[in-house]
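The structures come next, written out as C-alpha cells.
Paired with chain B in one complex and with chain C in the other, chain A is shared by the two complexes that follow.
Moving on to the complex of A and B:
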C-alpha cells in the first residue's frame, strides 16, 4: 500500500465508521470485563464464550425459517432476538458461575478459558442448530428497511456508541455504589469482606450473571457489524484483545477500558497502514504483534497502572484507604441501603 | 483526556470526509487484494500476491485500464472474518474492485460487497456457501469444496476401495469437502465409512485420533486437515507403519506436507486439486510475467494462476464497460469469461479484440473460465490427481467429474 493509499484509508468515512463501531463494541465488552475482573477480582478469560452464546442466540432466533438447513429458525424480530440473547447469556453465566466461582484467580481463569473453548466446540458439533463449521452468513439487522448502505452503517455506529454509553453509565453507577465498594473489598481482602458480612459467593455470582446479561446485549451489535456467525469468529483472540486493552487503559479505572480499546485498535490500524514494499510485507506482518507488545511494555514501564489508574478513578481519598477501610465503607453503605442496623455506628467503624 | 481524544477523533473524521471528496475518474484504477498474509492462510499469501502483482504488471505493460495505470492495494485480512471486514473497510473507498479473498472473508463480506456494488473475485474460496449465493457481485474462479468432495469419492471408487475411514479437522474449510465426500461415498457410491473421526486443531499430537481412524484396517483414509495438524498426523502414520491409501483435502497440498511424506512410496498419498492449464498459451505468458514481476518462476498449487486471472477478468470487464463503476463492471463479467466470443488468452489480445468491437471469451493460465450465470461458479473446474514425488506434489492426470455423483 502506497503512502497515498494509507492517507486515503485514513480519510475514508467507511473506514472510520467501521473502526469506530468496532471500538464501541470492544469498549463495551472491556468495560464489563473490568467490572468482574478489575473491581471483582474475577479473572475471566472466557468473555468471548459469553459473546459467542449471545451472538449465536441472536442469530438463531432471528433467522427467517428456511434460509438455513437448521432445526430451529423462528424468525423473531430484532428486539426479541436481543432479549433472548441477554436471557440466554444470563442463564449460561449462572450455570457456569455456580461451579466456576468456587475457584479463585488462576483456577477461575483456566475454567473460564475452558468454558469458552467448550462452547466453540459445541457450536461446531451442534450443527443442526448452529449450522456447524459453516455458520450463518446472514444476520438480521435493525433499520434495514429505513436506511441504505452507508446511512445504515452510520446509524449502527450511533446505536453501538449509545450502548457503550449505557454500559459506561452502568459501570459508573456501580463504581460509586455500595455494590461497587463491596466488589473491590472482596477483591482486596476476601476474609475481611466476609468478616464484615459481605456475602462473597452471592456477590461474585451476581456480578458474573450481570456481566453475562450485558454481554448478551452487546453480542447483537457485534453480529450487525460482522454479519457472520461462525465458530472461527469466537476464538480466544477476542478475549486477549479485550484484556490487552484493559491492561493498557488501566485495570479497575472507570474510563481506562474505553481509552485502552481506542488506543489499541487505533495503534493496530496505524501499524497496518505503514507503507512497506511488497518484499517486506511478510516482515511487516510479523512485526504487528511485536509492535503491540512493545506498546504494552512502554505503557506499563512508564505508567504501571495503565494509562488511567484506579487511584485516579476513585480519587485521593481512596489512595489512602486500606482494603479494610474500603470493606467497611461497603458494609456501611449496605446497612444504610437495607435499613437494617445502625448506619451511623457502621460509619463510625 | 476524553475531551482531547474526542476532539482528535472529530478532526480526523472531518478531515477524512474532506479528503475523500476527490475525483474518481483520474489517477490509477485501484484493485484490492484482501488475503491472509498472516494467520492460517499465510502459507498461501505471498505466492498469491506474486500472482496478483504479475497480473498488474501485465495490465500496465499493455496500456493499463482505460488508459489509466492499474494499482494493487494490498490488505492483510489476518485470515479471520473480523480481519476481512476491517481490511475491506480500510480500502473500500479507494478501490474499484476486490480480489484475493478466501472462504472466511468471502462469506463474511458476501452481503457487504453486494450492498456496496463492489465487483469481487474469489480465486481461492472453496466454501460451499458460494455454491448458491454468488453470481451478482461475487464470482468464484476456482473449484468448490463440493467438487473436491465428489472428486475424492470418485477417486476412491475408481481405485476399487469399499471401506474407507475419515480423519477430519473441525474447521469450515476442511469439513466442507469431507462432508460432501461422506455423503457421496455413502449415498451415491454405496461405500462404507468404517470410522469418522473429527478433531479440533491445535493439539501437539493426534495419536488417539490416528489410532481410531486406522483401527478397523480401512483400505483408504480421507484426511481433511490444515498443514499444522496434517504434519503430525502423517508422521504418526509413517511411524506406525500403516499402509492404507491416503486421500487428502486441498489444504494439505502444500510443500511442507509433501516433504513430510517424502519417504512414502509414490502414489501413497493422493490429492485432487485444481490444476493449471500448462499447455495453454495463457500459461506461458503468465509464467513469463511471473518471472518478470515476482522474480521467480511460478510455483503450483497456491492459486497463483487464479489470482492472476481474476485481475485480468476485472480489467477486461472494465475495458468492455468503459467504466470502473461497480454495476457496469459486474454486468460485463460473464461477457468476458463465457462463450460465444473471440477466444483470447492474454490481456493485450482481449483489449485489442474489444477495441475492434468483438465479443471475447477469455481463458487464462488457470484453465477454461466459463462461469455459471446464476451462481458465479466455474462450470467445469479442471481437477487433477496429484502425487507426491521427491518431496513435492506433481499433477498426474486430469479427472473428469462423474456427473452421476453430482449433488
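Moving on to the complex of A and C:
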C-alpha cells in the first residue's frame, strides 16, 4: 500500500514541480552563501536570519489590510513587496555587517549565528507586526488572477529557476572578474591583499550587503513556495541544510552549490515519501537532520573539497612542489607521528 | 530580587557545561557545537533512567555523566581525530554535522514530545537580602584565601607558576580591570534590583530550594575540582601543556592521545551534568534542548575567554545573572537576546574575553 502511494506521488507532476521549485530556491541561497563564505571567506552561519527578514518584510507589506490582526499592513503589490524585501534585507545586512565583520572569523560565525536567532526571537515577540508565533498563513503571490493552482505552481517554478539562473550568472560574472579575484585574495592572504591595495573591510561589507540584498530577493520566492510564514520556519536547520549542500557540492566551486542542493534535497524529500507506520514516525522526522549531519561529517572526512572542487572551477594547476614544500611535508608527517603518542620513536629521531 | 537567585542558578548550572566546552575549545581547538547535543542527550538519558528505571536523581545523573563521558571519548576518536589536522573550519563543521546526527538520533529514539521529570526540590530556605550579601562576601573571601594558600604552599616551581594562575586571575592587569568592571556591573544590577523590589533587613524576601542550592554547589564543586585537577595533578599539567603547545608536548613525551581522551571524557561528562540539572530544574525535556542551550554556552565561553577555567565559570554565572535580572525590565522572552547583546558588546570592547590572561587582542583574520 505504501509503495503504491510512493509511486503515485513520484509520478505526480505536482510533487516534482514543488520539489524542483524548492531546489531552485535553495540553490540560489547556497550559491549566494558560496559567494560570501566560499570566495569571501566570511563563514556566515546566520543566513536564515536574512531570509527571515526578507520573507517577513515581503509578507508584511503585501498582505491585504485587515486579513490579520497586525498594526501595519499596507497591502502593496507583489513587485513592491519584492523591492521592499530586498531593500530591508540589505539594510539589515549592512547594520549587522558593520560591527560583525570587524571580528575574527570564529567570532563572526558566532555573531551571525546569534543574530539569526535574535531575528527569530524578534519575530516571535513583535506580535503587532509579525503576528507572533502564529504567523501568517497566506501569502500574496503574483499572477494569481491569471493562473490557478497547478498552472500557477508551474509558472512560479519557471520564475524561481529564472531567478536561480540570474544568481548563477551573477556568481559566474563575479568569479571571472577582478571582484572575484579580490575576494579570493582577501580570503587566502589578507595582508597580501591589503598590500595590493584591496580595501578589505570595504570589500567584505560590500559583499555581505550584496548577498543580503540578493537573499532579500529570493525570500519572496520562498514565501510563494511555502505559502506561510511563522518563526518556526526560520530555524538553524535551514542554514545548515544550505551549508551541507555547499560542503557536499564543493565550497568555492561555481556549480557545486547547485549540485549539492540537488543531491541533498532529492535524497531527503524522496525519503519523506516513504510511508511509515506510526512506530517509526520519529525516525522519519529524524531523517532530515540525520542526513545533513552524516553527510557533513562524511564529506569533510573523506572529500573535504566536495564533489566539484574550486580548482576545477578556476582551472588552477597544482603548484609544483619546491624543496621547501618537501621538507615541510616531512616535518609535518614526523610531528603527526609523534602526535600519535609514539614517544619512543621521538627519541629515535 | 529573587531574580538574582534565579540568575545564579541559571549561571551556575550552565557553568559546568561552559567549562567543558571551554576545555574542549582550548585543548582540541574545536568550537564544539555538538556539546549542546551532548547536554541534551545526557538530559534525556537521565530522564529515562529516572522515570523508567526508577533511579534516584543523583544516581541517574552520575550514570548519565559516565555514559556520556565514554560516548564523548568514542566520538572524539572516531569522528574528530581523523580530521584533527585539517584546520578549524573543518573541525567546526564536523562538530555541527555531529550535532545534527545526535539531534536526529534524539528525535528518532525519544521523539519530539515533552517528557516530564518528577523530581522534588526539597524545602525552600528563606533568607533576607543582607544574609545573602553576607554569604556572598564570605564565599568570595574563602575563595581568595584558598587561592592564596594554594599559590604559596606549592613548593614545586611549576606548580606555583601555574596554580599562581589563580592569583594571576586577580593580578593580571587586564583581567583585574575586567573583574573590577564585572563586580561594578553586578553591584549596580544588585542595587537596581533591590530598588525595584524593596529592601528589607528583616524581610525574608529571598528564597531558594534545597535542591536548587544543591545544584549550584554541585556545579561549583565540579568546576573547582577541575581547576584543582588541572593545577595540581600530573595529568592536569599534561592537559595544560597539550592545550598550549601540542607539538612541543608530544616531543616532551606527553601522551597526547590519552590527554585528548581525558579532555573528551571530562567535557562530555560536564555537559551531561548540566543537562541533567537543566532537565530537573525545568521539570521536563524536549528535543530542541541542545540547540536552545548551545548559543548561551557559546556566548559564555567566548565571554570568559581563553586562559582560565575560573574565568569561564565566572563568565557563565555573570551571563546567567544578566539574563535573569534583565527580566525585571525586559520581557522574559528576550532572555536570549540579552545574552547575545552581552556577548556582542564584550566582543567589541574586549575581544579576547573578559577573563583572558592573554593580552593580545584578537584581530580580524
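Note that in this section the second predicted complex is superposed on the first by the 281 of 349 C-alpha atoms of A that agree within 3 Å, B and C clash if a C-alpha of one lies under 4 Å from a C-alpha of the other, contacts with A are read in each partner's own complex, and residues count from 1 in each chain.
As a convention for this text, a contact is a pair of C-beta atoms (placed from the backbone, for glycine too) under 8 Å apart; a residue touches a chain by one contact, two chains touch by 3 or more.
The structure displayed is predicted, hence computed values, not measured ones.
Within the superposed three-chain model, A:285 lies in touch with chain B and with chain C [touch as defined at top]. Of the two partner chains placed around the shared chain by superposition, chain C is the only one that A:110 touches, whereas chain B remains out of contact. Shared-chain residue A:273: touches chain B; no touch with chain C. Using the contact criterion defined above for the overlaid structures, shared-chain residue A:121 touches chain B and also reaches chain C.
Using the contact criterion defined above for the overlaid structures, shared-chain residue A:91 touches neither chain B nor chain C, since it reaches no partner. In the superposition on chain A, A:259 makes contact with chain B only, not with chain C. In the superposed model, A:166 makes contact with neither chain B nor chain C. Counting contacts by the rule stated earlier, residues 121, 124-125, 282, 285-286, 288 of chain A appear in both its interface with chain B and its interface with chain C.
For chain B in complex with chain A, the touching residues are 1-2, 5, 9, 12-13, 15-20, 30, 37-38, 42, 45-46, 49, 53, 71, 73-76, 80-82, 85-86, 89-94, 104, 107-108, 110-112, 115-116, 127-129, 133, 170-172, 175-176, 198, 200.
Those residues of chain A that touch chain B in the complex are listed here as 1-2, 5, 7-20, 22, 121, 124-125, 132-135, 137-138, 149, 225-228, 230, 232-233, 235, 237, 255, 259, 262, 269, 272-273, 278, 281-282, 285-286, 288, 308.
Interface of chain A with chain C (complex): residues 41, 43, 99, 101-107, 109-111, 113-115, 117-118, 121-122, 124-125, 190, 201, 236, 240, 243-244, 247, 282-283, 285-297, 300-301, 304, 335-336, 338-341, 343, 346. Every residue of chain C that touches chain A in the complex is listed here, in rising order: 31, 79, 82-83, 85-86, 88-90, 92-94, 96-112, 246-247, 250-251, 253, 255-258, 291, 295, 298-299, 302, 331, 333-334, 336-337, 340, 343-344, 347-348, 351, 362-365.
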